[in-house]
Amino acid sequence: MPGRRHAIRGAGLLVSVALTVLGLLLVTFLIGRVVPIDPVIAVVGDRVSADTYARVRQELGLDLPLWQQFLRYVGDVLQGDFGTSVLTSRPVLEDILRVFPATLELATAALVVGVLLGIPAGVMAAVHRGRWPDHLIRVIGLIGHSIPIFWLGLMALLVFYARLDWAPGPGRVDVFYEGLVDPVTGIITADALLAGETDVFWNALHHLVLPAGILGLYSVAYIARMTRSFMLDQLRQEYITTARVKGMSETRVIWRHALGNIAVPLTTVVALSYASLLEGSVLTETVFAWPGLGLYITNSLLSADMNAVLGGTLVVGAVFIGLNLLSDLLYRLLDPRAR
Amino acid sequence: MSETPLLEVENLRISFPTRTGVTQAVRGVSFTVGREKLGIVGESGSGKSMTGRAILRLVPPPGVVTADRLSFQGEDLLTLPEKRLRGIRGRRISMVMQDPKFSLNPVMTIGAQIAEAYRVHSSAGTVEAKRRALEMLEAVRIRNPERVYGLYPHEVSGGMGQRIMIAMMLIPNPDLLIADEPTSALDVTVQMQVLAIMDELCSSRGMGMIFVSHDLNLVASFCDRILIMYAGRVVETCRASELHAAKHPYTRGLLDSLPRLDDTRAELPVLARDPSWLEGGR
Amino acid sequence: MTAQTHSTEGGLRAWLTAETPHSRGQARLGRVYLGWLAFARNRLAMIGLGIVLLLVLMAALAPLLAPYDPYTQDLSQRLLPPSAAHWLGTDAFGRDILSRILYGSRLTLMIVALVAVTAPVAGLLIGTVAGYLGGWVDAVLMRVTDIFLAFPKLILALAFVSALGPGIENAIIAIAITSWPPYARIARAETITIRKSDFISAARLQGASTPRIILGHVVPLCSSSLIVRVTLDMAGIILTAAGLGFLGLGAQPPAPEWGAMIATGRQYVLEQWWVATMPGIAIFVVSLGFNLLGDGLRDVLDPKGQ
Amino acid sequence: DTPKDTLVMAWQFDDIVTLDPGEIFELSGAEYGAQVYDRLIRFDVNDVSKIYGQVAESWTVSEDGKTFTFTIRDGIKFHSGNPLTAEDVAYSLQRAVKMNKGPAFILTQFGLTPENVDQKVRATDPRTVVFETDKTYAPTFVLYCLTADVSGVVDAKLVKSKEVNGDFGAAFLKANSAGSGPFVLRQWKASELLSLEANANYWGGAPAVKRVLIRHIAEPATQRLLLEKGDVDVARNLKPEQFEPLRSNDKIRIVQAPKGTLYYFGLNQKNEVLAKPDVRKAFKYAVDYDGMAKTIMNGLGTVHQAFLPKGFLGALEENPYTYDPAKAKELLKQAGYPDGITVTMDVRNTSPSMDMAQAIQGSAAAAGITVKLLPADGKQVVTKYRARNHEALLYQWGADYQDPNTNADTFAANPDNADDAKAKPLSWRNAWDIPELTKKTAAAVEERDTAKRAAMYQELQREVLETSPFVIMFQQTEVIAERSNVEGLVWGPSFDSNYYWKVSKK
Amino acid sequence: MIDVKDLRVTFGHGADAVAAVQGVSFTVQEGESFGLVGESGSGKSTVLRAVVGLNHDWTGSIAVAGAAQSRRREKGFFKSCQMVFQDPYGSLHPRHTIDRILAEPIAIHGLRDADGRIDRVLRDVGLGPQFRFRYPHQLSGGQRQRVAIARALVLEPRVLLLDEPTSALDVSVQAEILNLLKRLRAEHALTYVLVSHNLAVVATMCDRLAVMNRGRIVEEMDVEALRRGAAREDYTRQLLRASQGYDRAAADSFKDFA
């Protein structure tokens, strides 16, 4: 009865996801109450009359008991209503739909960089364990991991944009291309392709290179490190000897047999680093004037724009949970033992 | 036993540099293998596996292998370039390892692994490779080859896994098979069946075989000739049928300490190790 | 192979490496010594250790080493480039950057030390309890872990500091609170592999209680991979502390906290590069040190590392 | 480089929350309003005392000073093509009062309420608008208030057509424009892009450029790189240290425009130490005004110690206090603190506030005052300020309109010092109980003789300088870096008087 | 001494369920040595683990030393019944010294004279005091198994359950351990239940044995019968035959016993 087994597992998964989301909501909500910023002031500013203050306070439901406020919030969220952002005075959902694709584009590009460089680097390091390629990759990884990212970003801009003119400046596209393509997905490169605007596409891609490269360096370090350690585990395994006994070339032994076996834990690592890229790109976004989710959440928090913070956090959390789920599914797909 | 040996080993030494100095795993082992079943027995750590692995140059990294002679059908295995060596591995010498649980790639289907072993050494297409693999599975008496072809290693039992290992190692039709404790993870009855398969394949193809084991009774009943190793040396060589008449005190000690079904001894004799065994001849 | 070699040459060494220690202390020291030997052979790890020791030394001797007072402002001396008088230049308030970095090493060390003793311990306990007990305890603890993990870290830290009030100690607590979940995950994963092992069964057979098994048997085995992971996270911890400082929630000015120095130097990065770069290099070197140390420790402590 | 017909600007405008003139209360938003909406009247940016009609052709003030009658210029068209009439003007003002958002107090302080505004502000014919106040005020006070953004004229027909649930079209206007000014809103992406298009039919003459693109660039260093590279024409948020290298670049011009914003710190009088007059005074001697102006401010502000910024009626230009730690110490000793005192100071975590605070920390230390800083986000600081929980607090105050009352009312008036007072001016926030000064401030607003009024404000300023718990330090200067081929940008004394209309590029 | 009736153990639930033990009954007299043989996966270890209380999900009845046992065991139970595991490499905590390993049960049960007990038990299993402060990795497999036995003995139990105590060891070491176990039984009047797949080991060690297959006991016999090869069941006979070395003809005749 594998069908039923899957159904039970699926239901369990759904329940745990639902609980996690509820917990997420509760924690976000509590944070909103704990931050020592008066939300009313955040809405109406500092110089309003006492009447306006009281009115807005009531409008925001701040006079209700805490648990009622929470229930109200959960109810709204369940109806897809994240409220209105104070900062932009638009529905939070709309804002997020605008900023999230920007982050998604940047993080995805960074992840591509991270995976394309990190995995081969990690494999090389493991294969040459203890010899210079290992040390070199380790040190480069550590450098990528330890340098403050805004510093690196600014220096990269200074060198590649201001001095060498190899890269375009900050922003997602040149100003004049701004608004040329209608946002369908919100991911400019994709939108440009959809609209057939190759100029815009190339321009957007160009703009992506530098920030994605810098951000990618961060995940390169992590991915390479984890790949190395998984790989070392696998290379010790007996089936690797079997493959060698068969007379297979070392390349095939490593890339087909060993890598096939680390694919599983590696998807988890990649998913995790994707999640952290989505959330942790604030400084890159600042330096490269990239209006993304990280920046949005941080700014909102600083402005006590709790609707926006809650919404943004919920999205990040949902993405995280989604990625977890995805890596779970991939795990089942890639590892026959888990099927 | 044939006149021209397949494999000649002379003064094989394997050492591992460790934190506390150099460990000699194998110290001057010499033997030859023809088209016969050669058994290597000895205690744990006596260097059996290392000897087997050295032949295929698969001693793990810090290990250093030296020998006066290590040649296979006239080719010097020690100095052969990596690429030529790969032509020998699997194709002409192959090795069955102890535990199918660890020795098969867990994320590849059994069929793919066997077919791969075949295709590494031939220009056969996928269809041909599959056909050969199925034939081979049948040869090791797997009942439903088509079904097993698509299974993953964790989906088969230990005995079946060991047969699959054997199929995989024999598909390129090698001249010499090294079997490193191929049945020690199996139940006695299954072990018997697997050995029977190997026995049959060996004799039908005229293969040479090195059978590494610590089970003296088994080796005595299965092999033609036996090397007894102690601490990296061969202390005694004898015909299998003459094992029970072995003279070396070490061999005698091992034999005596085996419990027997018809045992009535109040106490099993314990091996009394003699330092002079370490200097023992080749 | 006897150990009666106290009087022979290299007596201490022989005593430490003796096959047959005669007391608990000797056994323990011997183990440490062997670990040290393995560690000492790793050159990069030794460099890492050197850097970390240097940091400790710097922190201890800051008042002796620093050429200037780290707090005294002199607006006429502001933003001077590195020179003989000020080796690393001066900041926007005319304070000597070298002196500030030297004094700042104390704060850095404190942050690193406090986070390192709180977050992993919490993560370790939660992870081992969840992993060992399994069932609904595991489910609940892991849900909580997931929630914390799914949260943008800085926001969580911000919220905690907001609740606790600004200040370096609270920032450290906030960082600790936000960084335990990954440790819990690691510890749990490891516990699950350990809890089925025979020596745990053996402990249960002797009637050992659950806390005794977790603390005495499981925790020591999980801690080595955690120690490694923690040293690797050091750079991140220093930078997160800096991030909080920048938002006014970490070390308060004029404290010479490295992260805060970078954050304020950030606005001069193109004009007076040294203001942000010098503390940046300091953070880089120290986290490099911890990272190398961590890598080396992994090789010594991680049983899988062999 | 940027095209000739487009002005590109790098600016931190993440404070914009709305583009509705009835609601705009942020600096960046005010600047936007100035480009898109015409107002009834405006003041001359070069001589603030001169008020001229924009939408109004002329106006008269009644004998009792309570009725203002404006004649509306003929032939003005909104961007929609609708003609601009007196009805639109009246509607715009009524709308602002009825919506009662942040800036509404600028109008409601004249006794307007949602109930009576339809009576008090009305179009008597298509070209005449009447505005009545509840009391007699100085006419300049009323007129200056009408120059503020809140009186921007909206297209009544268009806005009414977009009204939902009686919101006066607020939802629509938040992110759309309905004005008659030289520019039309094309696109606003919060904290990302603000794009304006020239109004080719502007009644005063079409702008020379076709588009103005304003990009939100948070990082000053990035702004500088873009400007030097020529990828933007104007950079708005550079730091003092960045000016020097740019000054030597002949492709770039640095422009300074004094703004009506003051940097000060307040001392909470609920604290018994800080409530001592000598202690208050000691603080005024413990600040290195000139040193800061030369270094960390470096052009971003000038030393200014009175509560009226330069350019305001009656502004006092003398700065009696200088850095004198010995004197400060002496004063502390008189107050009974020979060993010095310790205070905490809340401060916004942005530059230049943080820099000022640290410099004060340094200079005050020499005077025996230990300052502990508590940096935090602005909203957080304000929350604490309004709760009067601080000891010392460094902040800025920006004039809401161009009349002296805007600052007098907050620095020199505190009608009710109770914790639950309705009005919370800065004096209240620092618990400075001043019934006498409050009366004087009220009198000054009602004085119709301009010269006398100016004298009254001077007296108020002197008294505040002498006794107040406010240490006013600087008047802000906006420093703008433009590419030298850009001409005609007007940087007025307030953000709602920065104009792009006449800009052109060589 | 041990009385097991209709023991059933199932792992997993629903479709995943594995019935590892399906109604096993046997009795072991005080002082007797009882063998349990069978192929891999036949449920030998599972029976032992249920008896000793490491497995809670069983049905049937288990009585040890006359006391019926419930799912959970009291601390006191472990003083009378201990177990030795198969793998000497996995059954000792890698970070604990031998001293600590042996002191642990003493501390748990609050017994006095820890030092003396440890010394005594180490001598009992033939390890000198010089081994006391070593770590497991400093010992050979046989020495480790001695430590495991010492740990089981330190509480002075009356019943010792041995799960393949020598199958991971060399024959020469196996002989030493078997001798040791024999001696200990004689000296302390212990009751043994010994699990093994090696019939010869059972033959030297036990008085009586049961043959298990697929979760059931197929045959119970005494050692004399085993030596004579007088097995009733085909399965047992096949097992006997397979234990006697390689024999091509025999191999071909083997059947699967479901």
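By letter and in written order, the chains are A, B, C, D and E; residue numbering begins at 1 in each of them.
Methods note: a contact is a pair of C-beta atoms (placed from the backbone, for glycine too) under 8 Å apart; a residue touches a chain by one contact, two chains touch by 3 or more.
The structure displayed is predicted, hence computed values, not measured ones.
Colleague: Starting at subunit D, figure out the least number of steps needed to reach subunit E through touching chains.
Modeller: Tracing touching chains, the least step count from subunit D to subunit E comes to 2.
Colleague: Of every pair of chains, which is linked by the largest number of C-beta contacts?
Modeller: That would be the chain pair A-D.
Colleague: Please find which chain has its CA centre nearest to the centre of all protein CA atoms in view.
Modeller: Of the chains present, the most centrally placed is A.
Colleague: Counting only Cα atoms for the centres, state how far subunit C is from subunit D in Å.
Modeller: The mean C-alpha positions of subunit C and subunit D differ by 48 Å.
Colleague: Quick check: how many Å separate the C-alpha centres of subunit C and subunit E?
Modeller: Roughly 46 Å, centre to centre.
Colleague: Express in whole angstrom the distance between the two chain centres, defined as the mean CA positions of subunit A and subunit B.
Modeller: Computed from C-alpha means, the inter-chain centre distance equals 51 Å.
Colleague: Could you check subunit A for residues that touch two or more other chains and list them?
Modeller: 35-36, 150, 154, 158, 302
Colleague: Pull out every residue in subunit E that's touching 2 or more other chains.
Modeller: none
Colleague: Among the residues of subunit C, pick out those that touch two or more other chains and give their numbers.
Modeller: 162, 247, 266, 269-270, in rising order.
Colleague: In their complex, what parts of subunit C are in touch with subunit D?
Modeller: Residue positions touching the partner: 71-73, 75-76, 78-79, 92-93, 162, 166, 246-249, 252-254, 264, 266-272.
Colleague: Would you mind writing out the residues of subunit C in touch with subunit E in their complex?
Modeller: Per the touch definition, subunit C meets subunit E at residues 3, 19-24, 26-28, 31, 197-199, 201-209, 212, 216-217, 220-221, 303.
Colleague: Contact residues on subunit E for subunit B in the complex?
Modeller: Subunit E residues touching subunit B: 39-40, 141, 170-172, 174-176, 178-179, 182, 197-201, 203-204, 226-227, 238-240, 242-248, 250-252, 254.
Colleague: Note which residues of subunit B are touching subunit E in the complex, please.
Modeller: 43-44, 158, 186-193, 195-196, 199, 214, 216-218, 220-222, 253-254, 257-263, 265-271
Colleague: Which of the residues in subunit C come into contact with subunit A in the complex?
Modeller: Residue list for subunit C touching subunit A: 44, 139, 143-144, 146-156, 158-159, 162-163, 232, 235-236, 239, 242, 247, 262, 266, 269-270, 276-277, 280, 283-284, 287-288, 291-292, 295, 304-305.
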